[in-house]
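Look at the two complexes coming up: chain A is in both, with chain B in one and chain C in the other.
Then we have the complex of A and B:
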């Protein structure tokens, strides 16, 4: 037979193939739309007044009157019933920036050490570090708060003597307490992710650098860091996003200390008693989400690449 | 400019595997020494111990006048070229070449001058501001060379620097590296698994197998007088044909060598002054014939009739300047101990034999032809130890 295709099945086969090949794309679009609708609805609602929000769904904005305005945003940005939202944004930055930079700095050193410095017990130390990922944040909250507000003391039995291991730094109710906690809990994942990437860098390059006269610090500073930019950026996005959006740790460590509250707490307070100002939440959420979106879109090309880091060499 | 001396060097890994057994090598000033051997023979390990990238488990290593066993790589005054170049991808070619100078805190003007000089030697001047990613394989290779040259070290160490290049470029770079080494007159240790590189580049070649040094000699001596059956089979392409055979009783005319069902007469001259070979007469022996020591008998009408055999041509490889002719011989091929040797597939009965014929020979596939063997040039090895006789 000259033709490689079987007569009769050609037309049907092609049609079936065309339908089947469209399924993945179709499914993806379906997921994208379904996942986007709530956010879109929230965005629309953030421009609608209190009564509109309570009486009708956001989709009615396309069919009948109601109307939209920037009133909600104006209220959110200027309201000072608690502290102003701008002040809380400043607090959020005071938490998220150190909570992003400090773990990266520590983890990069640690990851290099685990990957390329030969020392006794290296493997076990690495396993122990990574297994800390399994420690749930919640169990540590109260002990940490006690540490921040009272320091750590050890009373020797029988001697009636109390040693102060860590003095009371008076950290309770400060943003410092929050980013310290984020730093600690961010480190295992940071070390894990960075280690995967850094240990995948080609060995010859390190050996070549050693022969060229580089010590560990020079190799780290001049070779590892420049080559690790994608994974550092990827982790920076992660860490920034979840420290910026964190409510639990901030609420535990800062609580009612109004001048120190980040936006997540400030926005929760906006709703007021019994949810009187519930309609402001949508606008508040978008104010809160503005900076993470900026960070994400400016670094997103690293984000995708960095997540693939370690799976494919280089 | 220094001698490199390895004195009973051992390498034992923490898991107890011994990669190098008492390696003795003396590399003279300005010499180009090639370490060659099949994969896993320890040649790279030996080089890495000279570089200081692997610890030395036993013995002493001397570079110049200093014992450097415990000296850090950077203080050994050596430069290394790696198989995959190991360039710093985020630095320009100039920065790559100058990295070691920068770390050594060489003054800016001297650094620029030395980078320029190295780039000039390697014809890299126009690429100094490019990143390695924008260069071709051959150019990257040259940058790696530049990084070594710029340090003006007392020894170059090269770990299969050409194996990532395509065939044509490899031949070109082979000549270039050899020329460069001669011009710069720097002691060089060059590791390769490619015996052609070893033969063409080295002043001397050291053959390693399983961590043991087999032989060190000039390429020609290595080829003409291999110390044992492994070296004989490893050096030369196509390799020597080596078979288990029997040597008949010696008389005034010589002796008869029996390869399977085939007899070859060895003239008396072969045995003169070789008492060891004489002692083997009447017993088993391994006999090796280089492909070029066989010729189409029709081109050599004067060749003695008792130094010929007849076989059928099973494969022809015409290279223009010569023809590789493959036969089957019913003698058993001798084990050479080369782990990289290709298992013989599909040759059916007996063992394969390759001869290098003059292209004037008109042999065709399937012909049964007579092959003239230069009996005086047959190599003999002890049947059990493989040592040359």
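Then we have the complex of A and C:
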């Protein structure tokens, strides 16, 4: 709070005041520059050749004649000799799209149920569901991997017999396993976010609809869904960014299965043996970040709104 | 603050913009297409994309279809009870046979019987016809439902035709004997069983005479029981044992009767259901398996519980209007909550319980070891130690410790002094709080650098990242508030939120790059550090200019402090003094022994001395934390910025009128107002930090003393295949966020 006023000062005091009052904006932009330098540096490097990257810092590009080109991007996107980033992009979509759409639908049902269907213990059921938000997903990884790679079998106590609850669908190492997991893990937050919004819809809308003879399904389908578009969009952005950028779940469920890897694993492994392809890392990282950044910049409004709705609660 | 999201429809943009957006999207798809077509494995990729799209469509379509279908089913219950019963019985029956058929237990036991072979041959041969008939009946029922729903009877015939065609298709795939084909494997028994159950549902839905209803129930039970017996004919023949049979049956009946009493329903149906379940458990659970056992007893054992279930379904009189409404209302609740609760139970709750169970077993989950996995973690028997107090003795010798203690004492003295002047015991103001805060941070860092280990690292992460991100986020939010460039500046700070942790790690690995001392540095930080060293130990014009600049700014600051003190306006003295102290130290080093990455080599000449940010423990941990701070600060900033803007402006104006300074307004008005939001930010970040994984995994993989719980859990469970210790680590991680969870629950209860 340097823009403090100095009562009763003239001349020099005024000049100092003017300098001091400029400090907040200056400091702000200083922070912005510091924040952006790492990304900017890597962005510059992604256009420089292998030897340039190895032998000099990215800032020399402004003083030297050192050439820039799109070669790295071309190699990353088209070469099949190393890792195909394009294939991993397809995998990432195969994970992110269902892992975004399905939880939205499921969570919307549940949020409506928690908000507008009366039943005993509703409050507690809701709090129990949403409190799962904080559970670290590590706690579920080992059993889930076992489920995907062998199904679920219950050995009955005292009877020495095994019942197959869920057969082995051969999901281990597939993108399906990843998005199923994301769907489950995303639900507590989704329900929380959507419930905040749906429970705030005006009550008279529901009452008049019920008087007109509409049941829950009709109300949900015809009234709640159309009204909830903004919050659905906010959650969709969240979930998309999260699933696209996830590394832990994909690494656990897919691991070394090269044909099914999403982009995060692909770029983490891009450097290759002995760092042979290290010069491609920068380009790879930006290809990976391209879609999240597009989503982020074009839909920032919804994103911020979702963030606020999800966290700002007294 | 619940009204933070008020319902509003998205603002419709100008039409031109929307057209441009569509064009851009089309152009993007075209570019992507060309890009893919150019690559060497384009056909593989196209295959992949198409199969992905199909899979997504099936997943989304099927699940939404099922959900809407069930909703429509209950809509039918309100209109036509008989149709509802038909469909519901059909669905439940189909599901039952689907599960039973898919059960490995039933399919793999026992030798193939020649009787069943013969019957299967017959069904195979007649399959297309049977399937057409069965599916046509199903189509008739569905078609009538649709027709009534849509109000146009013309829809019945097309539906029947479509279903019949589908039946033909199913039948043909069946006769082709596609080994293990989808339809053969999954759909054969469910369709038959479902159809039969639907038929009995249809009859039951229209009967009101008590005796007739019960007769229908018994006949239906016998039919379905025979079908089931037929299905598991070669699989499972239980031995007859009267005790094994009677005891569970009675226990089941009593148990369900009790439950039924609790929910105040008439007891008889509950008893019937409990007896059926008890019988099934007794006959098939406790008894011995013998493939050569009595076939007659097998059939009886199977049919009896079905008859009981049939009686259960038909016991109550035909549902009246009130009960129908009850059924519908009750079902709606489960329809809306069911999918979410199922998913959460299947992917979170049950796996978490199983993880706890696994954590009590050994590495291969075979033997019970009690708490010994936890013992291993807490007694440092793993590859990386959890706690390491070996270096605690060096704590008093560390510079951070020596600085931290005096600072805290100094702050305490200031606080007491100021407090005495105002009649309090202790006053928290800038002069007292700043030294105590800084001293505490120094002290904590000193402790964390001498006490090492995985769990300590996690604590250090939580402490540093949460504190710095929240503090910095708040500072930026305050700085940016109401400035002209607020939106742009905030977008830049916020940007890392959109980048993956892996991407951020790659970005920062480049920043931390350290090269051999003889070579030019390519990482920003080392380039600056070595450059600074060159500058401070050099003797050229740049060194001279920087020296003069340093001295001049130091003098200006001192002048400001002196003049302020002379005028007795103490505002801003404390921060200025802090900056002056730091600057004085820096200038002293710069002019004296030199700062930065240069050291004097053995031959007396200067050589570069880059910092190995990633490898040098213990502060490499801190450099990893910087990455997460870089990501999380944007989050804290956005949330806190919104909270600051939500502070009622009347408060601020009133304070200004009363002559409060900006800093007073911040500390006394804004901060208390946004306190709950700070709580939310802190808890959210703590949860994120506790489970930090990607950054450590990508940059060091836990080497160089940087191990954290999540990465250790991953290594133990999936690389070293020790499921016991891996699960135990996961549980430790879970327990460590439990306090946060309780805090959140309490907050929510307050809000509710």
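Annotations for the structure displayed:
Here is the rule we use: the second predicted complex is superposed on the first by the 266 of 314 C-alpha atoms of A that agree within 3 Å, B and C clash if a C-alpha of one lies under 4 Å from a C-alpha of the other, contacts with A are read in each partner's own complex, and residues count from 1 in each chain.
Just so we're on the same page, a residue touches a chain if its C-beta (ideal position, glycine included) is under 8 Å from a C-beta of that chain, and two chains touch if they have at least 3 such contacts.
Only a predicted model underlies this, so the values are computations on that prediction, with no experimental measurement involved.
Once the two complexes are overlaid through chain A, chain B and chain C fit side by side, free of any clash as defined at the top of the document.
Contacts of A:202 after superposition: both chain B and chain C are touched.
When the two complexes are overlaid on their common chain A, residue A:214 makes contact with chain B while staying clear of chain C.
Looking at the shared chain after the overlay, A:27 reaches chain C, while chain B stays out of its contact range. Of the two partner chains placed by the overlay, only chain B lies in contact with A:223; chain C stays clear of it. Note on the superposed arrangement: chain B and chain C approach each other to a least C-alpha distance of 7 Å. Once both structures are placed on chain A, chain A residues 202, 227 are touched by chain B and, in the other complex, by chain C. Contact residues of chain B toward chain A in the complex are 51-53, 72-74, 78-80, 82-90, 99-100, 103-104, 147, 151.
Interface residues of chain A facing chain B in the complex, by the touch rule stated above, are 202, 204-205, 207-214, 218, 223, 226-227.
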